[in-house]
Structure formats: C-alpha cells, structure tokens
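In what comes next, chain A is part of two complexes: it sits with chain B in the first one and with chain C in the second one.
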Partner chain A sequence: MSGAEKIAVKVTDIVPLNELVTRFKFERVDGGLLPTFSGGAHTVVELRDGAITRLNPYSLMSDPMDQRAYTISVRRDDAGRGGSLFMHNNVRLGDELTISYPVNLFSLDLRAKKHLFIAGGIGITPFLAQIKQLELFNGNWELHYSCRSPDLGSYVDELTGRHPNEAHIYYDDQKQAIDLVRLLDGQPLGTHVYVCGPKGMIDWVRATAAAEGWPREAIHYEEFLAPKPGKPFEVKLAVSNKVIHVGEDESLLEAMEREGVDAPYLCRGGACGQCETDVIDYAGKFIHRDHWLDEAEHSSGKKIMPCVSRFEGKTLVLDR
Partner chain B sequence: MSKFTFPKTILSRPVYGTLEPRTGAAHLFIADAEGAEAILDVATPDMMARAHIIFIAKGTDYEGALKALSPAIFYAGPTYSAAEPRIHKTLGDAKMGLQVYLAGTEGLMGQAMQAATLAGIPHTAIQTEHRGSTARRMQCVHCKGITEDVEVDPFQCSHCGLHLFVRDHYSRRLAAYQGVCIDAEDPGNVPPSKGIYQ
Partner chain C sequence: MTIQFNDETFRDDYSFRNSDRAIRRFPFPFHEDSYMYSVNMEQHRGGPKDSIYEKRFDVDEHYLSEMRDRAQVLADDPLRCQSLPHMTLAGWDLLELIMVSKSEDYPDLFELHRDGDTWRWINKPMGIDDTFTFLDEATLPYGPMEYITRQAQGDFAVLDQRDDNLWMDAGMITTQADWSLDFDIGMNFFEWHAPVPLAHEKGIFVRALKFLLNIQQGAPARRLNWTMTVNPLLDTSPENYHKWGIQKTTLTPENIGAKQHLRVELQTFFRLPRSNALVFPIRCYLCSFQDLMTAPKWGRRLHRVIRDLPDELATYKGFIDNKPLMLEYLSKFDDGLPTSPGIWPEFETEPPLAK
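This part shows the complex of A and B:
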C-alpha cells in the first residue's frame, strides 16, 4: 500500500471557529498514543464520500509533543473539489477515520538563529505547531499573520494573548498590510523566513526575499495544491497493463487508485516528489502544476506528477 | 597566473567557483594573497560602496590595488588569526542580505567559511574562488594539531612529529584536510615527500 503508514482515529471534538474554519480533534481508536511529530508536518485524512475516497492533506496544528491527540483546522472551500465541504458537513463527533502518519515537508531549519513566519489566512496552521515546538527550546521567532477580518482571524486571540511581543496581526478589511521590504530589511544574519498562505503571498515573499539578497536555503514555503479539474483524458499504464480514463474532477493519481493501481504518493499536493512517474510515450501536451520537477523536466516530456498534473492529447503511456 | 585546476577526486573535497556579483544590502570580502585578484575581477563601484574588504597580504603587494577600489571599509592584517576578531564581529553585527565572497588559499577560505556558517549563513550561499598557493591546512588525526600551508605529501606533523599522508578527506567543521600516519604499519618506512599535486 502506498503513502505513509495509516492510523485509525476517532473524532473526539469539533469546534467551529468562525464562518469558514472548523477545528477537528483526532484520538486513536485503540486508545494508544499517537506518534510525536515535528512542527510543519501534515497528515493525510481519508474521507469516504459515497463511492469516492478523498485523501486530503491537512497541517497538524497541535503541540508536536502531545501524543494524546492531533488537531487540524479545515477551511471550507465552497468552490473546491468537496473535501473540505465533506469535513464540514458530514464528519460527526465519534466518527472513525483513517489518517496517515505525520509527514513533514515544511520543517523548521533548526540551524536558523531566528525564525520569521509569514502566514496568510488558513496558512497559520503549520506555524501553530512550529511555535509550540520552538517555545519548548526558547526559540527565537516572530510571526506576521495576515487575515481578512477580525471575524475570520483564526487563533488570533490565542496568539496575541500568549505571545504579545512575537505575534503581529494584519487585517485586510482595515487596510493593514505586511510591509515586507521593511520587515526583511535588518533581520539578523541567520534568520530564515517561512511562508504559508495563498499562492500570491508565497510568490511575493519568495521574490522579495530573493531580491533583498536572502539565500535560497533560508526561504521556506508550503503550498498544498488541490488538483484542479480539467478535460478528461485516457492513459495507458504500461506496468499494470491497463488503459484508464481520468475524469474531469479527479486527478490522475486518484484515477489510478480507483482502478486498483497502487501508485506511490505522500503529500498529494505537488510538493513531495513521491509520485514522480516516468512517461514512456506521449502525443499531446502536459499541464504540469507541481513544485517538484524543474522547468527542464517539465518541458522534457519524460516525467509527470500524477497528484496534480494533467494531460491533453491523444496518447499518454506511463511507466506504472 | 594565479589559477589552478584541482584534479577531480572524492566528494568530500571542497569545490571552488568563480566570484560573481550578487544583489545584497552589504558585501563582505575575505581574501589572502592572490585572492585579491578575484576581488579586483568581480568588484563594481556599486558593490564597493557597501563593501568591507578583509585582506591578508602574505607578502604580496595587492593592498594598493584593493584600496583603489574604494571599498566602504578596508582592513589589511598580517595573519588570519589577527583578522579573526574583526571577522567574528562583522558577521555578528551583520543583517540578512549580506553577501560573502571568499578568495585565495584553501586554508583562508575554509576558516572564513566556518566563521560565516557559524554566524548562520548556509554554506551553499557563500561564494568562493581559489587563487594562488595550493597549500593545505591539515589536521593530524592522531594528535589533532593543525599544520598550516602544507605543500608536500607526506609531511611531518608540526605538533607530534608523525609523518602524515595528505588525504582529500576534508572537514568543514575543522576547516582542514585530514592527515593520517603513513608509516603506522611499518615504522620508519616513509616515502620521500613530493608536491601534493605532483
């Protein structure tokens, strides 16, 4: 079976935080302890939505050393593919779910002298766990968190209450914005910047830090891509000897799984590289959407990341 | 010509590049001897306006040429150890956006690299360019003593006197190559020394 190892959990708390975000708490069905994790880790939650199995990654936001329970916060996305809506509308207290062992693709670089966190909206969740981890070691950190309005500012009160000197909040509806150039200017040598939020924010922070002469190794970001819908297409899987159809609303990875092909994966969001697949033959064009392959690999026609990328054309043969 | 092409060897051996101008709030150059030539090649007036050059002449006469670049701060010292307090203070006070350029001998670049990484700069973000002497800074793996500017292989440890084989095995932590006793199995059987790259 592909993906990280699985854990059977029970939903033991559901807390709506505001109009868009709800927090879920998971404990092991067998009453045992969960593995510890490192701040920035996510778990993949399996959701059985009728005939469809959805596998959605969510950042763990609880204390990484607390083995009794994991918590995640889910932002409802009405225009999304339905995973977050299913969590909001169908998951009930006491439900049993399967989640994966924690996987961290957004870990702290503990060589940093200072950690500068920049969060947008629900992008706050990995930082909640990282802050708890750093507090254990009296780490040097600072958070700049941008949200739409006080009503939608998830965990703002908790952050400003516990960390009045480290947490800085910006509300869009009050025309408050992070003055990024000023914020980056004058940070002590050895500072690492971490950004999690909408794509525009990630691109802005990466580009601004690079322009200010920050080394690439000191700029960290996490963006989960949900697979985007697209035109249906057919794929021949050479190893499995199957021709499968990828529907409009499912990813290539999901189509392979539906057909019983055990394809490797971890993040399901174009970031980790686990699902990298060799292309044997093709006639058409790739729609690459991952952060894993570089530009040369994207244009080579030799590789595809089935979790988020698609294909348009006549023939696609994969080594799977 | 002060450039030398090192033969290809094990992965442990550091690989040096060619200095390139980078954008940044400040520029720190640390060089010894012919390393000055690499600074002269890369310097632009714009960079020099925000540059600090730390130079160890080692008997060369590049000081005038470097000063003529009009860097914001210029320091020339007799040895790396003499410059060390200044290097640590400069790095300790530095802000993100600082670009570090190291040029000259392996011993100088290694030690300055160690200081810069300790200050929090990822080693892959520090530029280096080898110029001049190919002598190495060696650590005796037996007595742990460091011998500077080793040009021949084998050489005698300046601390414990053992005859050491010059390895390409490099320690970033110590900023030194490893020297291993060459006649441990057959005491006294020490081959004649020759140049490391001969």
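This part shows the complex of A and C:
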C-alpha cells in the first residue's frame, strides 16, 4: 500500500466562509480520537468522484492538540480538474471519507526565537494550526497575511480579534502590500521565516531574504502545488511490464495508479521525495515541477517525480 | 503472559543470564550466511507471537535489572541523558508514545488513566504510581524524556528534523555500542555516522536518511544492527573504555563460550506527532556464544558470517584481535550443512549438528 496510514472519517460540519472558501470538519467514523499532529501538517483526502478517485492534500488548520476533530479549508478552484469543486458541490454533512494520517512537510523550527509567518490567500491554513500550537507554549510569532479583498479574507476577523498585535492584514484591492525588506530588517536574531501562498509570493520572499543575507535554513516554504496539465505522453514501466498513456489532465502518478501500479507517494505536491523514480531510458524532454530534486538531478535525465512532473518526447522508460 | 523478572547484574560479577525463552526469542541478526551493511529497513508492525517484534516496545525478563543498571550509570555520569531546550515537546511526545503503547500492549504491567491533561501512570514492576499534568514539566520528577526512559529498556536518541536532515538534539544513552551522546549531541545524520567504514561509499547513509525523513505518524519502521561484547556489559561507552576495553583481552578457548556475547540492537523509528521529531529507540539484546550454539542453524551461520566478514567491519566493531579465537570456537559448530533462509532458529526443522 502506498501513501500514509488511512483513517475513516465523517463530515460533521460544513461552513462556507466566503464566495471561494469552505471549511469542513471531520471526526472519526468509529468515534475514537484522531492522532495529534504538528502545526503545518496536511492530510490527503480521498474523493470518490464517480469512477475517479481524487487524492487532494489539504493543510490541517485546527488545534493540533484537539483529537476529537480535524478541520480543513478548501478554496474552490474553477480552473482545476474538479477535486475542490467536488468538495464544494458534492460533499454533504454525514458523508464518510477516507483521509490520511497527518504528514508534515512544513513544520516549525522549534529552535527559533521568533516565527515570522507570511501568508497569501488560502496559504493561511497551515499557519492557523501553527499559531494554535505556539500559543499553547507562549511562542513568539507574527503574521503578515495578504488577501485579495476584505470579502475574501478568510479568518481575518478571528485573527485580528484574538491577536491584534501579532496579525497584520494587507488587502490587494486597497493597494496594501507587505514591505518585505523593512519587515525582514527589523527581525531579532534567531527569527525563522515561513511562507505559504502562490508561487510568485514564495519566490519573492525567498529571493528577497537571500538578497538580504538570510541563511537558507531560516526560510521555510510550502507551495500548494497541484499537478499541472500538459501534452499527453506514453511511458513504459519496466518492472510492471506495462506501457501506459498519461492523459492531458492527469499526472504521471495518477496514470500509474489508474493502471493498478502501486507507486509510492505522500504529499502529491513535489515536496516529500517519496515518489522519486529512476529513469532507465528516454528520448525527449522532461518538464520538472517538483521542489525535491536539485538542478543537477533535473538535468541528469535520471530521475523524475511523477506526482507533478511530466515528459514530452518519443520514449520514456521508468524503473517502476 | 506474565513475565518473571531476573535479578541480575551487567557489571562486576556479571550475573546476567538468558532463560530458554529469552534464547528462543533472541533477535539473531543474520538472515543469510554472510553480512554486509545495507539499508535493511522494514515496517515495525508486530511480528510472530512472543517474538521481540510483537510489541511496539518489548518488555522482557531483564527489564528491572536493566533499569537498575541505567540508574547507576546516570548517577555516575548525568551527561548520558541530555535534551536541548527545543526538544522538550518531543520528550512529551515520547512519554505519550511509550505510556500508551505499554499500557495497551502489557495491560497487566502498565496502566495509563487520562482525564484531560491529568494523567495517572502506573508501572507495576517498578512500583511507580504517579499523577501529573501533561505538558507541565513541574509536575514530574525529571524532564518528560528522562522520566519515561528511566522506565523503558534500550537507549533513545531523539532527532529533530529540519533542513532535510536529522539532528541528535536529545537522548538517553546508557547501553551504547561504543559511541557517546555527549560527543554527538547537536550533530546531524552524516556527522554522527562519520566513523562508520564502507557504508558512506556505498551510498547507504544517503538512502537511509531519505527513508527516515519520510517516516510517517502511525507507520514506524525497524532494523537490526549487531556487534560483539566480551562479558554481558550494557554500558560499553567511550567514556568507560578504560574499564571494559581491557576485558577483551581476557578471552581464552575455555571461557569464550560463556564470556563472548553477540550484541544485537533492535532499532526502531517512530515519527512523533506534536514535535514532528523522530525517535530512535535502540534496544540491546545480549546472548552468549554457548547459548547461541543451542540452535544448530545459528551455530552454522555465525561461523560463516564471522569467517567471511570484511576486516574493516571487524576492526570497526572492535573484535578483530579476537576473531581467530572466535573462529576456532565457532568452527566446531559448523558441519557444512546448508541453512534455511531467515533469522529464526527453526529448532523443529533444522537438522542437528552432524559433527
């Protein structure tokens, strides 16, 4: 079996927050306690959408110490392939779902003297759990959260109400923007920076921090990466002895799963390394999208991360 | 089953003994007739009934004596237990993991009663009945990691995970095979493994680290490691080398069967939920050569493994000087017959020694 351990849950609350974001609450079907987790963790939700099973990762935003329920917030993505739409349109109170054990690829560095959180849009979710974790131990933190408009500012009221000194909100439609250079400049020694949001925001924070001389280990990021579509291609799987077709809208990992190949995965977002696969032979070009392999590995033609990366060309043979 | 706890020592008069049951369930570490380092990891999800793999934390007849030995080591050298300030949460995670596992796996020996943050822990073999507040250090006599590992067999390294590496930032290390927590504290996976021969070149540590970084909550893993110890000593630390190193020169053809012990570590790996740290329990099992030889399969195999082991490994494990003496003894238990695959002794099916 691939992926993390599974838990059967039922949906015990659904709260629409605004036009785009809805919150879901899960409790165990058997009435037992859920595992505790660390702030920043996500769970992979299995969505049975007709004949297709979608596996979408969502950050846990509830209090990590609360073992009775997990909550997630899902942003509707009308351009996506339907996982978030399915959550919004088809999932009902009382429905039973399978979710994975918590997996954390975005954990706090507990040595930090101060935690500086930078969120963009739905990227606020992991910070909600991290803030609850830090509050329990009187941790030192500060949040800078950009949203498009007050209407789309999920959890803004809750955050500014409870943490008026720590939470700072910026609205795009009011032309407010984080003054990053100044913000970084004013931090005490031993501060760690965490950023979650659109790719552009992550790149901007990492590049700015690097230019300001921050050590790489003090900058943590998580991108809610989803498999992007691309041209269809064929793959030969040497171990399974199969030739499979990867369609325009599915990832290589999803195509293997559809064909009954038990391929390893955890995050399905190019971050954990679990799906790393050896390339035996190829003629063509790789479209690498993961954060796991380094540049040398990307250009070596020897490895691919099937959860997010694709291929264009004549032949691709994988050791799977 | 109820366990009869031994009253024995791992120092001075070395009264440590294995019962027949302990010999039968000894984790013999060789699944074939040769040995080389490898990424030998598998899931830690139970195992054959009464085997050392069955429970999450094996409790056996040596429990009370091992805990007494640990208390003595700590009294002499408190630096065997250290926890950097950011590791306290991981200590609570570990305390919870051990208390929950032991009370579920050995309900006749351990009980845990939880009422919100108020926890009552009963350890019947050690006569402990403590009530404390979870996550409040002031309500325990020691820090959470030290408190619980004074009541759990085996060493515990608690690793912080960050920057795609593991860092040895806490531990309770009193039964180690010649390495030192005080030296390794704060080091990362590659730094503390630096002294190991051959494995770096084979890429073993790079692959092992990738595996460990991905260990998930609810899905622990395990592996076996081994070395050799003269006399049943738990504390073979560099700090005390002057006391035990010399004992390696006391082996003779007459006493080797009783004095020479195969030392096997059952190493397990658990992700800790609140801290996202990793705990690495290292449980040490000792068995004398003469007790091992009661299993014909183990006799045949141990001879072949030691005979063909690369000298680099015998040197690193510290028994190169005694290797000829070991081979002379072990060869008497090798009749050249084939051995069955796997680590279990197969008492019923393996042919008796034909020599």
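Following the convention adopted for this analysis, the second predicted complex is superposed on the first by the 320 of 320 C-alpha atoms of A that agree within 3 Å, B and C clash if a C-alpha of one lies under 4 Å from a C-alpha of the other, contacts with A are read in each partner's own complex, and residues count from 1 in each chain.
Operating definition for what follows: a contact is a pair of C-beta atoms (placed from the backbone, for glycine too) under 8 Å apart; a residue touches a chain by one contact, two chains touch by 3 or more.
Small disclaimer: the values here were computed from a predicted structure and weren't measured.
Look at A:L266: by the touch rule set out above, it reaches chain C but stays clear of chain B. With both structures placed on the common chain, the touch criterion links A:F37 to chain C but leaves chain B unconnected. Of the two partner chains, chain B is the only one touched by A:G213; chain C is not. Within the superposed three-chain model, A:G186 lies in touch with chain B and out of touch with chain C [touch as defined at top].
Once the two complexes are overlaid on the shared chain, A:F286 sits clear of chain B and of chain C alike. Contacts of A:Y145 after superposition on the shared chain: neither chain B nor chain C is touched.
Within the superposed three-chain model, A:R111 lies in touch with chain B and with chain C [touch as defined at top].
Judged by the number of chain A residues each one touches, C leads among chain B and chain C.
Shared-chain residue A:Y58: touches no atom of chain B or chain C. Common to the chain B and chain C interfaces on chain A are residues 111, 216-217. Put simply, chain C touches chain A in their complex at residues 84, 86-87, 89, 135, 160-163, 210, 213-214, 216-219, 273-276. Of all residues in chain B, those touching chain A in their complex are 22-25, 91-92, 94-99, 119-122, 124-125. Interface residues of chain A facing chain B in the complex, by the touch rule stated above, are 111-113, 184-191, 211-218. Contacts from chain A toward chain C in the complex involve residues 4-5, 35-38, 40-41, 64-65, 101-104, 107-111, 133, 136-137, 216-217, 266, 272-274.
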